[in-house]
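In the part that follows, the structures are each spelled out as structure tokens.
There are two complexes below, and they share subunit A, which is joined by subunit B in the first and by subunit C in the second.
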Partner chain A sequence: MSIPKYKTAPLKVWAKAKELREKYYKNYMTAHDTGGLRWAGGAWSFGAIPAGLGRDVYPLTGEPYGASIAFKKDFSLKCLEAVERKGYARDLCSYMRNYWGSIILDEFAFGGKFPKPDFHFQDHICCSHSKWYQVASELEGGIPSHSIDVSVGPYIDVNKSKIDYIVAQMHDSIEWLEKTTGREYNDDLLIEAVENEFRSTARWAEICVMNKARPAPLDEKTMYSLYVLGTLAKHDGEFADFYDELRDEVQWRLDNGIAAVEHEVVRLMSDTQPPWGFLKIFRYLESFGAVSIGSLYTFGLIGIFEDKPDGSWGARETPMQKGIKIESRDQALRLMADWNLSKPEWQHFYSPHLKSKMMLKIAKEWHVDGVMLHYNRGCEGLSLGIAENRLALIEAGYPVMTYEGNMGDEREFDESQTMSRMESFMETLGLNQLAV
Partner chain B sequence: MISVGIDVGAKNINIVVLKDTELLGKGAAPSGFEAKDNADKLLNEILEECKISREDINLITATGSGRKDIDFANKKVTDVTAVTKGAISINPNIRTIIDVGAEEGRGIRLDENGKVIDFAVNEKCAAGSGAFVESMSRALEIPITEFGPLSLESDAEIPMNAQCAVFAESEVVSLVHSSTEKKDIAKAITDAIAARISSMIRKVGFESEIAVVGGVAYNVGFIRSIQDHLDREVLIPESPEYISAFGAALMSEN
Partner chain C sequence: MIEKFRAWNKNRHEYAIEWKKRTGGKVMGYFCTYVPEELLLAANILPVRILGSHEPQDVTEPHLFGMYCPFSRDCLAQGLKGRYDYLDGIMIAHSCLHIRQTYTSWDKHIPRDFSYYLPVPQNLQTPHSKPYLANEYKAFKKALEEWIGKEITEEDIERGINAMNDNRSLLRELYVLKERENPVINGEETMQVAITQQLIDKNEHSALLREYIKQLKIDNKQHDKTRLMILGSENDDIEFVEMVENCGSTVVIDEHCIGTRYFWNNVEESEDDKITQIAKRYIDKPPCPTKDWMDRNRVKHILHLAKLYDVKGAVLIQQKFCDPHELDIPAVKKALSEVGIDTLFLEFDVTVPIGQFKIRVEAFLEMIDNDDLF
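Now for the complex of A and B:
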């Protein structure tokens, strides 16, 4: 097998991504110092809605915070054990357990005491999300919580009445926010935030589409550090601007043949959250010339896609690109509901076959040679039906490797066995460790 | 050309020495805590029997879970690659390999060219491994070599926990206390292991010819049970515990 050698270069926007992430957590921690507000909720929540309360309102999204804890293994273990001592089951969502542990210990992963939010703003995409902030509120001494039910089925079945159901709850949530915070709601800020969200999430999809190229301009481990901004505050203007800048840089990499990895021999696709404390598995794969070019998770948790007229998968056209001017609260909410319901990662809560279809699309269009599935015990929502996905991929002729683990609880990940299994998988793909 | 295959398993080291593809010598020893030293010593003993020196060796390939310890090997390959190479070299018609060693069980499906299509490994559960049989033979106070033949004397079907060796052992103790015959308990145990392994094999899919390799292939009770579970005849190559080492030695061809 010939070993190609491509030009590589570090990402120029890397430092900016790091800076934005640090600023995000700092803003949340210090919000009260300047009279601002703090809210906590899921990365899937309609974060553009609280943005209408003012420019000094800062979120803390639970899943990326839980993942950040997982990355700090010692602190994660303390959090998980604190939760277990309280009597919560070990098989619950590990992000949620890390998050609750941080509250119980009253320690923030980025220093100091756990900064309690002023309110919770959540939506119900899975059973864990439904309970997450109810328990968090109890542990925090009764933080006011609001949640929106989004269980209306997959996007292919969405109709006006289903959108109405969600939009009506969104209107109610704005009344609740005004009552809870005592602030007057600003529709202009809502519209601005909604437009930012469209821009961030469509841009991320555009960036992922660029990874169809061989060599891939981005590898998945790097993508984890980039998509995360969208899980923190996809409605934030600075974050949307960042994705514009990133899109331009990835386009430049494409134009100049800059690869993510010097030796891209085979292209892999993963699925679901990785074991966050062990991202080095991706670098290990690269030592064989195997590059993970992304996954439905990495692409579609934030990126909003649609089928293009030529049948390919591409970034969904934003309302602004369609020439739609958002002029009212109801219009903004309606467009936002429709936009979010089309999120790829939302679909497979309803059927593994919808997920298999999207995975096969990625495998084909992104020229994938093999698939690595994480049987992630930490997230029942995104792991639901993954064994069905495996069968669909095998039936379509893709070699598939599975490994067991947990995105946020390192006690359920066996590093040496996983590495050994990966090495076997590499050998079955005809790869040996590169002598470079 | 003299080539050596060293399979460092969780319990035993198996070494095969080949001249081209012909067997010159083989041997086994416990892996112990110092697998590298033990492999080195065992290799010297085999070479002495074969009347050849270390300098005569052209290539040493290590495999098995402890392969990384063998720093004097020229090459290292995974168990999946080694056992596949060994099995199809013996019989190119093999399409499914069931490899059950002391601590791991693995199922491998091959295409008509001997290429691995899929594989599954059970490395987390002792209930599908040789260590389980050893532990149960101790509990029943019968030599391990008699375990399989004893189980063949029974036709009883006693369900047993096939998921966890620890729970299974407590079930064995209960069966002993309820005066269940040893032969029936032995069969229940081999059935439980076969259930665990066949479930893993079904995950990757199987087709004939099916080879069973690894030390557990010597257990005639297990072979009967796995054939019943899969409803297929299986092949057991000569010296089944050496197939990985044999395959590793053959890697010098590449």
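Now for the complex of A and C:
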């Protein structure tokens, strides 16, 4: 097998991505110093809604925070054990357990005491999501909590009644926010945040589409550090601007043949959250000339896609691109509900077969040679139906390897066994470690 | 008469096959108790809850990742082994993630003539859930009509509501008998009645249950052992309940979806249309933990039952990996402890280690009874 050699270059926006992430956590921690508000909720929550309370309202999204803890293995272990001592099962969502542990220990992963939010604002996508903040509220001594139910079925079945149900809850949530915070709600800020969300999530999808190119301009390990901003505050204007900038840079990489990895021999696709404390497994794969070009998870947790007229998968056209001017609260909420329900990662909660179709689409259009599935014990939501996905991919002729682990609980990840499985997988794909 | 219920439970598949032959009707296998059986009865369909068989199996591994609950795997195994081949349709009401996988794998690998995924709100505490659920039920009714090739009339729906209400009311009446100081029926017997309620033609079940209650009211049999409550995940494990009672207790009340969560409330007459009335019933029923937020209404209901049935101890059971219950158990345990009720937590798998559990149950009963050891 001939070993190609491509030009590579570090991402110019890398430092900015780091800076924005640091600023995000700092803003949350210091919000009270300047009379601002703090709220906590999921990365899937309708964060644009609390944005209508003012420009000094800062979120802390639970999943990326739980992942950040997982990366700090010693602190994570302390958190997980603190939760177990409270009587909670160790097979629950590991992000959630890391998060609760941080509350119980009263330690923040980025220093100091755990900064209690003023309220929780969540949506209920899996069995744990609302319960996460129900328990968090109890652990924090009764933080006011609100959650919106989105269990209306896959996007192909969405109709007016389903949207009405979600939007009615959104309207109620705004009344609740006003009552809870004592602030007057500003619809202009809501509309601005909703438009930012459309922009950042469509832009991320555009960036992912660029990875169809061979060589891929981005590798998945790098993408984890980029998509994360969308999980922190997809409605934030600075983050939306960042994705504009990133899109331009990835386009430049494409135009100039800049690859993510010097030797791209085979292209892999993964699935679900990785074991965050062990991202080096991706670098290990690269030593064989295998690059992971992404996954439904990395693309579709934040990116919003649609089928294009030529049948390919691309970024969904935003309401602004369609010439829609958002002029009222209700219109903003309706558009946001519809937009979020079309999120690719949302569909598989109803059927693994819908997910398999999307995975096969990625495998085909992104020219994937093999698939590695993380049977992730840490997230029952995104591991849902993964065994059926494996069967569908095998049936379609893709080589598939699986490894078991946990995105946020290192006790459930066997590093050496996973490396051995990966080595065997590389061998089945005809790869040896590169002597470079 | 209890023998008849036991036979129905044991021979559930034979019953359904015979029912089809006898009536020429269709049989719908369903997952989760948020399925509106009223509409199935209105369409003259026999609703049968799909349950496991509590036997070790090796057929689900390719379809379900091992971290999902044993109940969902046991149910799927029944389908993959062909034990429910007589089903004409399958359906699920949106509930926990685990059982949803059973449905979606079943739908692909054991296809039936009719299959329906019924969205049901997870937020039962918002007023918007009722009109939304009513709309989903209307869409479901339409799908049923297309399948059976016949309109489901208002009279049909009323017949469905009456059959369900009658059956649920009889179960309530049966459970009232357990409020007594020395109940005439124990937990194993009650469980046989409760399980078969979800397997047998409602009118047949009601007719037998009516007679059974009459007999119990004149019966002298009394169970005067330690009064226990059993609560948590899905539980149809008769052998386990028998063991618990043989250790010196009577299970006087449960809080399971096979049991009180299934039948506790009825469809109530109101000015709303019939389907909205049905929707209200399902929204107001004692909640599954996955739908119980932000307030913990389930805990309040458990405390109410514990007091009403004068419970001395509670066995908290949880299907392994059942996240919704894992998220509730510490709160339930704390609430019961605060009112002086001790608890024993046991984790269930497809089969349970009866010997080990027996030792734990005996120790638990000794503790709450303050028995002398020597």
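The criterion applied here is as follows: the second predicted complex is superposed on the first by the 436 of 436 C-alpha atoms of A that agree within 3 Å, B and C clash if a C-alpha of one lies under 4 Å from a C-alpha of the other, contacts with A are read in each partner's own complex, and residues count from 1 in each chain.
As a working rule, a contact is a pair of C-beta atoms (placed from the backbone, for glycine too) under 8 Å apart; a residue touches a chain by one contact, two chains touch by 3 or more.
As the structure is a computational prediction, the values presented were derived from the model and not from experiment.
Of the two partner chains placed by the overlay, neither subunit B nor subunit C lies in contact with A:D187.
With both structures placed on the common chain, the touch criterion links A:K131 to subunit C but leaves subunit B unconnected. By the document's definition of touching, of the two partners only subunit C reaches A:R377; subunit B does not.
Touch criterion met: A:Q169 reaches subunit C, while subunit B stays clear of it. Of the two partner chains placed by the overlay, neither subunit B nor subunit C lies in contact with A:E178. Of the two partner chains, subunit C is the only one touched by A:L92; subunit B is not. Of the two partner chains placed by superposition, only subunit C is touched by A:H353; subunit B is not. Once the two structures are superposed, subunit B and subunit C can be ranked by residues of subunit A touched, with C on top. Comparing which residues of subunit A touch subunit B with which touch subunit C, the overlap is empty. Residues 394, 399-400, 404, 414, 417, 420-421, 423-424, 427-428 of subunit A touch subunit B in their complex. Chain contact summary for the complex, subunit A toward subunit C: residues 86-89, 91-93, 124, 126-128, 130-131, 133-135, 137-138, 145-149, 151-153, 161-162, 164-165, 168-169, 172, 349-353, 375, 377, 380-381, 383-388, 390-391. Subunit C contributes residues 61-65, 67-68, 94, 96-98, 100-101, 104-105, 108, 117, 119-123, 126, 128-129, 131-132, 135-136, 289-290, 293-294, 296, 320-321, 323-324, 326-331, 333 to its touches with subunit A in the complex.
Subunit B meets subunit A in the complex at residues 65, 77-81, 115-119, 121, 123-124.
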